[in-house]
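Below are two complexes that have chain A in common, paired first with chain B and then with chain C.
Here is the complex of A and B:
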C-alpha cells in the first residue's frame, strides 16, 4: 500500500481521477497450481494388462514355452506388484527375435532405505 | 528344370535331398503354386507348401506307413561302416542347423541379478521350478555366470562343515557374486592339476551351429549353455534368448529323422550292443579286449543319509544317483536338481544333512509345484538293455528327462545309467 518506489506525493492529483487501489483479494500470493497435477495419472490401457508373465509353468507344455504374445505388449517393461516390504523385485520384458518371442524375467534385489550400499 | 523328352509340356528336375522332411513349392509363370495332389502343410502367413518325406531305399521295405521297420529279435551286429554313416548324417544335420531352431515360438528365460542373496536365489529357483538360472550383472551390463543346483549343494555342505566361515545370518546377505568368488578361490586352492573353473561365461550365439553348441556343452561339462545375442560388435547390450540343453538338440534330431529312421541304422541297435552309457558290470568286450571301468558305478542304499548323497554327487562328479534296496532294485533316483526342494519351508535351515535320509528329502519335493523332472507324473525314467537306441533317444528328448536308468525287466535291478551326454558322445564320436 505504501508506494515505496516513485513516491509521487508532489504530483498533483485531481479529485475523482485517482487511480483506484487493487482489491485486497488479488494479493493472496498463491502459486498458480496446474490443474493437471491434481488429477491421477492416466490409467494403463487395457490391452497392456495381459503380459505373458503371470503364466505359471505348466506340466503339459514343455517348460519355458508360453502362448504367443500380443504385439502391443512387446518392448514394455513390467514390474512385479507386491507388498512393499519385499527385498526382491521381478522385472519382466517380452521382445521379438526374428520370428520368435522371448520373455525375460529378471529378479533384482531392492535396496532398503537407509542401508549402506556396497 | 528342363522339359521331358517326348513331352514338351512336362518339366522335370532331379534334386539330391538328404533323408528327412522337406517342404517344396513350384514357381509357375510368375506365380507360386503347390501340388494339390500331394500332401501339404500350412505354415505361417497362410503359406502352403507340399511335403515330401524322403526315405533311404532299403531292401527290407516293410511298408506300414512311415513306421520303423520291425524290430529284429536277434539284432545283427552292426558294422563299423554303419555307425560311421549314422554319425556322419547326424553330424551333417547338426552342422547345418543353428541354435536359433532351439528357441520355442514364445519362450521364457528367468535370470537373477548377481547381487541377490544366495538364499533368495534358491527360493526363486524352487518357486519357479527351474534348475538353473543365468546371472546378470548390472554394473558390467553382461551375463556373468549361471547359478545351478551344484552351487546350492556346495553351499549346504559348507554350512554343515564345521570349519565353515559362513554363519546362518551371513547367508541371508551373502550374495551370489561373493559365493562365486569364494568358490573360484577355493577351487584354485584345491585343484592343483584339475580343470580350471571358467572365468568367463560359456555361452553361444543364435547363429552358431547345433554341432558347436553340443560340443561346447560336452567339453565344458555343463548342462546348460545360454544363447545370447548382441546386435553390436563389442557384445554390449546382450539379449538372452534361450538356455540350450542337450535335450533340446536331441529333440531337433529326433524330429528331423523321425520319418527316415532307416537312414540312421545305428538307432535300431539295442543299447547294450553299442555300449552307450555307464554300466554296472561289463556286458561285452570291446574289440576283443575287456575294457576297464573308469570309475565305480555310483548307487546308494535307500537308508543312506542326505549328506552321503551330496558328498557322492560331488565326488563322483555325476548328476544323479539311483537309490536302490538290498537287492539293487531301483527305488528312486536322487539328482542334483532335487536339492532345490530343500528351499521349501526353509527346510535347509532345520535339517542336518546326516540325519535326513534321502527318501525323506525326496518327500519334500513331492508336494511342491515342481514341473522339472516330471513326465507323466513319473520321476524315474527307465529303460531296458534291449531297447533300441532310437527309443532311448525319444525318451531323453523329453524336457526334464536327462538320464534313464537301465533296469532288468521285472526285478528292476539297476544295470546302468544312460544320459544325454552319453548319447551325444556316442553320436558325435567324441
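Here is the complex of A and C:
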C-alpha cells in the first residue's frame, strides 16, 4: 500500500499500522465554504513558533550540539524573514530521517516583477 | 546601575557581550516578560509601552529601535533574549501571514493552487490536503520518464484514476494546508509536507508563493 519509492525513509512505519493511502480520486478540488464562514480559523499553536531554524547560533554553542527539534514542528514550512525588497527567499523545514533530524533550506532568487508582469 | 552609559551604548552597537550588555538585556527581557517557553505571545502588548518607557534618549533608541522594528515585523515569536548575538540574527517565520478575511485568503490560495495544477481536498476546518505531481506543466498530470505507463496518457480520465498509474511517480508531493488565526488579528497559512522529496516540496512552495504574489 505504501509508495515503493523511499517512503519508508521518511516515516517510522510499524508493520501492520501503515496508513492506507487515500484514493487519488478523492482530490477533487472541491471547497465547500459555507459552513466555515461562521467560525474563525483555529488559533495557531504557539509550539510552531519555535523551529530549530531559529535556534540562535552563538559563539558558545559547540558545533554539532543543537537541541533536538520538537516533533510538532517537523515538516512545517518556515520562511526566513528578510528585509523587503528581497532578491532571495529562503525556505526551510526540519524532517526526520530514521533516528536523526535533517533541516533543509532552499535559497531561491525572487522573480522580478517589472512593468510587464506575467 | 553603575555602568558607563556611553560605553554601554557602544557595546550594544557592536554586539559585544560584557557585564553591561548582559545586564541591559536582562532588564529588557524582564521588562518585556518574554518567557522562554511557549507563551511568548504575551510579550507583544508590552513591547510598545516598554520601548517608550525605557529608552527616551536618542543614541540608544536607534540601536534598539532597529532591532525592535525588525522584531515587530517578524511573524514568529522568536525570543528577544538572544543576548550578545549579532543584530543580523536570522529569524524564521511559520508559513504566510495575511490580514485579509479568511474567506478571501482561501479563495486566493485555491486559485493559486489551481493555476499550479495542485489538487486538494478538504479534510477539516480551513484544512486541506494537497497533491502535486511534477510533470509536464499544463498536461495531464503525468509521469516523468516512465515509458511503461505511457499508454495511460491516451486513456480516458477514469481509467487513469482507477489504475492509479499516474501516482507511481516517485516525486509526488503531498502536503497539508491549515489556516490559523494569530493573536494579532492576522491569519497564518501553515504548510506541512506529508510526502515527497524535500527540495521538490520547497521548490513547489516557492512557486506557490510567487503565484500568490507574496514574493
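The rule is simple: the second predicted complex is superposed on the first by the 60 of 118 C-alpha atoms of A that agree within 3 Å, B and C clash if a C-alpha of one lies under 4 Å from a C-alpha of the other, contacts with A are read in each partner's own complex, and residues count from 1 in each chain.
Going forward, a contact is a pair of C-beta atoms (placed from the backbone, for glycine too) under 8 Å apart; a residue touches a chain by one contact, two chains touch by 3 or more.
Keep in mind that this is a model prediction, so the values were computed, not measured.
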Touched partner set for A:42, first chain B, second chain C, both or neither: second
Which of chain B and chain C A:104 touches, first, second, both or neither: both
Partner chain(s) touched by A:87 [first = chain B, second = chain C, both, neither]: first
Partner chain(s) touched by A:76 [first = chain B, second = chain C, both, neither]: second
Dominant contact partner of chain A by residue count, chain C or chain B: C
First, second, both or neither for A:51, with chain B first and chain C second: second
Chain B versus chain C as contact partner of A:68, first or second or both or neither: first
Contacts of A:28 with chain B and chain C, given as first, second, both or neither: second
Common interface positions of chain A, toward chain B and toward chain C: 56, 58, 95, 102, 104-106, 108
In the complex with chain A, residue positions of chain C that touch it: 38-41, 70, 73-78, 82, 84-85, 89-96, 102-103, 106, 110, 114, 119-122, 125-126, 128-131, 161, 164, 166-168, 170, 172, 178-183, 187-188, 190-195, 198-199, 201-203, 205-206, 209-210, 215
Complex interface listing, chain A residues touching chain C: 3-7, 10, 22, 24-33, 36-37, 39-51, 53-54, 56, 58, 75-81, 83, 89, 91-93, 95, 102, 104-106, 108, 110-111
Footprint of chain A on chain B - complex, ascending: 44, 100, 103-113, 115-117, 120-121, 124, 128-130, 136, 138, 206, 229, 239-243, 369, 371-372, 374, 399-400
Contact footprint of chain B on chain A as seen in their complex: 52, 56-59, 62-69, 87-88, 95, 97-109, 118
